[in-house]
Every structure is written in structure tokens, then in C-alpha cells.
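What follows is a group of structures, each given as C-alpha cells.
Each of the next two complexes has chain A plus one more chain, namely chain B in the first and chain C in the second.
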Partner chain A sequence: MTRNLFWVSFFHYLRRLSRGYLGILIFVALPLVIVWVLSFVYSQNTEEQIYVFGYNMISTNISIGMMLIFQLSGGIYLLNYLNHDLIKPMKWRLKASPCATYTLVFSGTAACLVFTVLQGILIVVGTSLLQDAYWGNVWIVIFVIVLVSIISQFLNITLFLYIRNVNTAEYISWFLSWAMAVLGGLIFTLPDNAFFSFMKQYGTPFSLAQSAIRESGFLGTSSTNMLVCIAALLGIAGILAVLVIKLGRRKLI
Partner chain B sequence: MIAGMQNVVKRFGNVQALDHVSFAIHEGEILGLLGPNGAGKTTVIRTLAGLIKADSGEITLLGKKQDVNNIRLKQHLGLVTQEVTVFEELTAEENLRYFGGLYGVKGDKLRQRVKETLEFVGLSEHAKKVPGKFSGGMQRRLNIACALVHSPKFLIMDEPTVGIDPQSRSYILESVKRLTMEGTTLLYTSNYMEEVQAIASRIVIMDQGKVIASGTLDELVSRIQHEETIRITVSNPSVALAERFRAIQGVKTVMHNGADYTIVSGAGSDNLNRVLMVAQQRGSVSNIVADKPTLEDVFLTLTGKKLRDEEAGV
Partner chain C sequence: MTIFLFAFIRSLRRKSTLVAMFVLPLAIVFIRTLWTLENGRGFLFYGMIIMFAAFSLVRSIMIDRMTGTVVRIFAAPVATFQYLFQNLLAFWLIIGVQTIVFVVIGSALYGWGIEMAVRLILSYNIFAVASLAFSLAWNSMFRSKVMSDAIFSIIISLMALLGGIFIPISMLPDFLRKIGMLFPTYWLSNSLLFIQDKEWNGQYWLSILIMFLFSAAFLLYGSKRRLE
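The block that comes next holds the complex of A and B.
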């Protein structure tokens, strides 16, 4: 019964996600537009070689960063569904059904994960075809997208369970994504010292994911480095999973 | 008995939401739960449906002890929420498919139930539309349909007609009556006394977390009936006629205004025929009405408040 309810809810959330046209616009079209605009602007102001092995290096840097920012913010979908289904009046109807709250949360998380991963892949494909961006090893990239999306979902569930005010949680979620991007060196050049070097390469999920993707192709220097970054992302996902389970047991059931 | 509460107590901080509430709902009946805002109706519903835990007392549903998260019992229960709780981004049909699926209805049976339920609430032609395109009344009907799609044995309706037009209200009330004819037992809460009066087989009146009266409408009315009032209009009014009315046994007062007389007798006097006979001896009667106390009078007597005033004040 529980398994059946999981799939009923999973497809229900996927259907709702597919109807959120504004969300799709923000999470797929907007990053593509930003990549296109920023690549054009930066290409005008550089004297470095833009194309390497037929790939546009400016687009590549911006594409990886933008994809990761929007992946890290992808958990906002889940945040809004949890708010609608578990806080607003809908909670009484759903609580009255035989579907346990944790089944709803699991299925919602899984659906949002699948959806945001697909959005991430669309950005990868879009920037590869339209902007000549280089993404390295495609399987590593997909794996990293999945990991970043898992981290984003768990992070947003944690924010939701702690804060309970979806607007505040949403602002914090966006802030964290962009703060990570800043520390990852995407927005502006960071001071050249040990702390910022570390932050840029390993300091946040954004930096770890960025490093893993870069290290998976000719932009990288060591596959060990890539494995370290992926292991660290797995570790963060694991820690957040434990936190979500603990908080969920206390606050959701 | 299909559901019941025995001495149920529920507190929210310092507020006693339910104060030793006891009542029973029998199979096939519509129990009307009446009370002003804040009386505890919604808390009764939530504890009965196992959505919140009672502090003490016993709740039974379908012969079993009810508790929070009792999934087996929830399967037989339908809840029509006070607010419209449907998914705005899904069509009417998709909403029903989802809620049916949550109760384990699937395949052909689900398709059939979705079709039947849409027909039942009169939304078949709007199956492919999203609720945002519906009027308030249609949204309310979809709200009800979502609680019916799995054919519950016991349906709880929490003020299902709030804020809708009279036409939709009467459609919903007719649907409720049809449901009981099909064997569903209902707990119906409302702020509208005329609704409860029209559909409920028994009524429970709550105020400040307590059950203050329960019974059929006639039982409730007889509890508060102290006087009978007859209003009569005659063709030949006179002071002498007023005196003749006054002389009838049990008559307390007679008021005379032109051709109209108001005659107040003690409870159980049954003076209607006598008054008519006396009036006809003095000429023809153009109108005669015996005023019966309404549920409104019962409520006013028991709580000292008018339900509508309470509502307007919130």
C-alpha cells in the first residue's frame, strides 16, 4: 500500500511540476539567457583565447556556474509544495487520507529531484549546443547534478522544518545559492589567498560540484581531485539526509 | 453506532477547545453539528477524523478505537474541509484521480468512480477544466467530490457551503440527502441553521467546547417550548372577539391590532382549532398561522446568542 501511495504521489508531484510554467521558465530559460548575455559581454572585454579545442571557455565557466546556482535553488520547488501540502489548509485533507506524511515528503522530494535534474540536463544540452560550452565527462556531470539536486532538496527541507515560514526559507535558500556562487568565484574575482583558494575549490557544495565537473574533462588536472570533490558532495548529502530524517521524525509525524 | 465520542477533552494551551464532549452518530443518519464560531466544531471533526490527538476521552469510529494516524480507519472516512482544498494547477478530473489514488482506488474502478463522482456533483462537463476557472459554488462542489471519490462509509462535512450562492447551496444540500439515501453516514457542521434544520436527522448544539443539547429537531424544540402563538386575521374584528379568545382555556394574552389578533397560550394548549372555531362564529377568517419555535429559537434560548450575530462579529 505504502509503495503504491508513493508512486501515486510521485506522479502527482511530477504533474504539478510540469504545470508550473513560470518555474520552468525561471529554472531553464533564465539561466540560458543569462549565460548568453554574460558570455557575450565578457567575450567583448577579454584578450585571452576564448575558444579551446572548439569550445568557448567563457561560456563554459558561466554555464557551469549558472547551472549549479539554479540546481542549488531547485529545492525551492519542494519548499513551496511542502508549504502548500503540509502547512496550508490542504494539510487537513491530506492528513485525513491513508497516505502518511513521510510518504508525501519522500515522493515530493523524489519528484522534485527528477524534475530539477532534468532541468539541469536541459541547461547542459542547451549551453553545449547554443553556446559551445564544454562540460567534460557527461556521466560525471549528470552524477554531480544529481548530487547537487539532492543537497538542494535536503537543504530546503531542513530550512522548511526549522523555519516554518516559507518566504523566509525561500530567501535564505536563494541567498545561500548565490553566496556559494560568490565563494566559488563566479560573480567576481576573489582575493588571491589560501582561504579563498580553498573556498573556490572545496569550500561549498557549489565549489565542489564546479571542481568535479571541471576536473572531469580537459580543463582538469587530476581525476583524484574529481573523486575527492564527489566524495565530499556525497558526504554533505549524507549529513543533510541524517538531519532531515531526525528533524522530520520530530516535526512531520 | 458508526462513530462517537465519550468524554473527550482537548486543550490548546490555556484554551479548552473540547470540554468532556460526548455524542454518537448512528449508521445512515445525518448528524448536524451546530454552534457559533469557536464553539469547538472543527476540533470535534479533527479529533474524530484522527487528525489531532485528544487529551483524554474515547473516540470510536466504525466500531474501532480512533487514534491519530490510524490508516485503516482513514480509508473509510471522507473529509470535506472548510476551505476549498483542491490543487489549482490540476483539472477537476486529475484532482479526483489523485485523491482516489491516495485511498487505494485504481485502474478501471478509479476511472469509473471519477466519472460517477463528477456526475454526482454536476461537474462532468467541466472535468477537463482547472478549478481556477470555476465559480465559488463549483469549487465547493469539487471540494466535496474529492472527499467522495473513494466512496467513504462515513463523511464529515465542515461547513461545506460557506460563501456560495443560494443555488449552489441547495444543489449541495440535495446532494447530501442523496448521499444518505445511498447509505453514507454524515456529520454535517454549519453556521447556517436552516441548512441543519433541513437535512439533519439529529442535531448536536455546541457552545464553548461543550455539547449543550442534542436530539431531533422536535425534541430540541419541545425542550424550549414554553408558549404557543397563534396569529389570526378576521373579517369582523371587535373587542368582544378578543374577550372570547381570552376566555379560551390556556390562553395567556390576546393582542388586537385592526383585523389581526395574536393569541399566546401555554405550552401544549393546542388551541388552534378552538381559536378558529371562535373566530368563525363571528365571521369569516382570512388567515390563521400557528408559530412553531425554530432551531434559531432553540439556539437562542440555549446559548443566549444569535448564530448570525456571532458570525458577523468575527
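The block that comes next holds the complex of A and C.
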């Protein structure tokens, strides 16, 4: 019974996600445009060799960063659904349905996860076809996208359960992913010292994911490094999962 | 000036505004690498903070319109002009005070000098007017907060991209620069170029004038539409 309910609500969440064109515009079209413009401008203004083994290194660098920023904010979908379904207008109606709240939350999270992973893959395909970006090992990239997506969903649920205001939570979510990008060295060059070089490589989920993707291909040096980054991402996802379960039991049901 | 007073108090009570207005600028003003004269990114990031602050402040006019509060306000002897003027003045005052505090701290930390400080305050304040007017015009086009927010986040990214926030405008290719000229952020960047190049006087005043004209145009469009 529970399983059936799960699939029904999963399916409907997925339908709901696929109907909004704005999400796709923000999370897929926008990063593609940004990557296009930035790599176009930087390629015009550089003296160094841009193409290595047929791949454009400038757009590779920007694409990896942009994909991760938008993946880390992908949980905003879930944030809005949780707000709409379990806090604000639909709360009593959905609580009156024979579907338990945790089934709804699980199916919503799963549907958002599938959808944001698809978005991430679309960005990867788009940038590698249009911009000659290099993404290393495809399977590793997909795995990293899944992990980052899971972290993003959990992070957004945690923010939402603590803050209870969807607008503020959304702002903080965007701010966090851009702050991680800043610490990852994407926006401007960071000072060259031990703290910042650690943050750039392993300090945040953003930099862990970035390092994992880079290490999976010829841009990196060791596969051990990649495994360490992936293990750390798994660890973060695990910690957040425990936190979400504890918080959810207390505040949502 | 009752509306002014209440708009002022109401804006200060919102936590998100307070964070945007005071915590963020204070956080970035102490990052030394952003404020070197060769890099100069910090000056533009601060411009984006003003833009966000303006958008979140003008939100209360939109909330008034959506919840029907505005209809009740107009039942009192209040003209549209008074309502808008006093609200926008309150918002502008908040941003203006914050800009002055910010520039004073910056001057104390990095020795900007009096002429540069005055010029910075002037361009940020005119930009604040342009941002407020832009947000007013923007919000008048939408009936739902979610739609307005979502599309605004796309537009602001494009503005940042073409307005020299990510890449200096001198590096933009010609056709992208022409598109960028349609946004006030481009002219803020252009006016701030005097920091690196002292001979930029004419361009500085031209940028201020254009931001001013932008403000007038947006204000006309934003206030023309009936508020209810």
C-alpha cells in the first residue's frame, strides 16, 4: 500500500516538475548562456593555448563550476513544494489524505532528485557538444552529479525546517552555493595561502565535487584523490541525511 | 510624511533586508583582495548588493498591491504620487545611509581619498535610484511574486554578466557590450572605471547622466500603471 502511494505521488511530483518551463530556463538554459558568454570572452582575451586534446580548457573550467553552482541550488524546487504542500495552503488537505507525510516527503525528494540530476546531465551534454568542454569520466561525473544533488536536497530541507520562511531559505540557498563557488576559486583569484588552497580543493561540497570531476580525467593526477573526494561527498550526504531525518521527525510530522 | 515614516520602519523590520543591507556589505568590505585598484571587483559586487537590496525593498509595494492594501490606502486622502514618492524615498534613504557607512569604512581601510569617496557615494546613490526604479517597473509587470522572482533571477544574471560584474566591460566583445548598455549595471561599471583611470572624467559624468535617465524612464513606466 505504502509502496503504491509512493509511486503515485512520485509520478505526480515528476509531472509537476516537468510542467514548469521556468525551472528549466533557470537551471539549464541560464548556465549554458553564462558558459557560452564567459568562455567566448575569455578565449578572446587570452594568449595561452586554449585547446588541449581537442577540448576547450576555458569552457571546461567554467562549465564544471557553473554546473555545480546550479546543481547545489537545485533543491529550491523541493523547498517550494514542501512549503506549498506541507506548510502553507495544502497542509490540512494533504494531511487528510490516506498518504503519510513521510511518504509525500520521500517521493517529493526522490522526484526532485531525478529531475535535477537530469538537468545536470543536460548541462554536461550541452556544454560538451556546444563548447567542447571536457568532463573526464562520464560515470564519475554522473555519480558526482547525483551526490551533489542529494546534498542540495538535504541542505534545502534543513534550511527550510530551520528557517520556516521559503523566501529567506531560497536566498540563503543561492548565497551558499555562490559562496562555495567563491571559495572554490571560480569567481575571482583567491590569495595563495594554505587555508584558501585547502578550501579550493577539499573545503566545501563544491570544491570536493570539482576536484573529483577534474581528477577523473587527464586534468587530474591521481585517482586516489578522486576516491577521497567522492568518499567525503558521501560522508557529507550521510551526515545531512541523519540531520534531515531527526529534524523532519521533530518539525514536519 | 506619515507614509515615509511607516515605510521606513516597515523596511527596517524585515530580517532579509537587514542582512542584505548591513551584514553582506560588512562581510565583503574586509576582504582585502577585492579592493585593490587593479582588481576592483569589490566595487561592482557592492553594486549588485545594492540591486538586490533595492529589489527586496520594493517588494513591499508589490505586496501592498497584491494583498489589496493599496486600495485601502487610496480610500484615505492619499495620492498615488505621495504614496510612491514617500515609499521610494524611505527605501533610498536606507540604501543611501548604508552606502555612506560603507564608503567611510572602505576609505578608512584602504585610503581611498576624499574625491574618490564622494564620487563613489554619488554613483552608488544614483545607481540605487535606478535600481529602485527598475524594481518598481519590473514588479508592475507581474501579478505573482513567484514569477517575478524567478524571471528576475534570470535577468539579474544577464545584467551581472553583461554589466561587467564577472568580466570587466572592456573585455566584452562589441555586440555583447551593446546589449549590456541596455542595463544600468553597465553604466555603473562604466562610471567606476575612473578608479583605475583618472582621465575618465567625461565618461564618469556621462554614466551618471545615463543612470539618471534610466531612473526617470523606469519610474515613469512603473508608476504609470495603476497600482490596484
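To be clear about the criterion, the second predicted complex is superposed on the first by the 253 of 253 C-alpha atoms of A that agree within 3 Å, B and C clash if a C-alpha of one lies under 4 Å from a C-alpha of the other, contacts with A are read in each partner's own complex, and residues count from 1 in each chain.
The criterion applied here is as follows: a contact is a pair of C-beta atoms (placed from the backbone, for glycine too) under 8 Å apart; a residue touches a chain by one contact, two chains touch by 3 or more.
The structure presented is a predicted model; accordingly, all values stated were derived computationally and were not measured.
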| item | value |
| --- | --- |
| Partner chain(s) touched by A:V8 [first = chain B, second = chain C, both, neither] | first |
| Chain B versus chain C as contact partner of A:Y42, first or second or both or neither | second |
| Which superposed partner A:G248 touches (first chain B, second chain C, both, neither) | neither |
| Partner chain in contact with A:S97 - chain B first, chain C second, else both or neither | first |
| Which of chain B and chain C A:G220 touches, first, second, both or neither | neither |
| Residues of chain A contacting chain B in one complex and chain C in the other | none |
| Contact set on chain C toward chain A in their complex | 15-16, 33-34, 39, 41, 146-147, 149-151, 153-154, 157-158, 161-162, 166-167, 171-173, 176 |
| Interfacial residue positions of chain A with respect to chain C in the complex | 22, 25-26, 30, 33-34, 37-38, 40-42, 44-45, 80, 167-168, 171, 174, 187-191 |
| Touching residues (chain side chain A, partner chain B) in the complex | 1, 4-5, 8-9, 12, 15-16, 19-20, 89-90, 92-100, 253 |
| Residue numbers on chain B that touch chain A, as the complex places them | 46, 49-51, 69, 71-72, 74-75, 77-79, 81-83, 85, 87, 89-90, 94, 98-99, 101-104, 106, 146-147 |
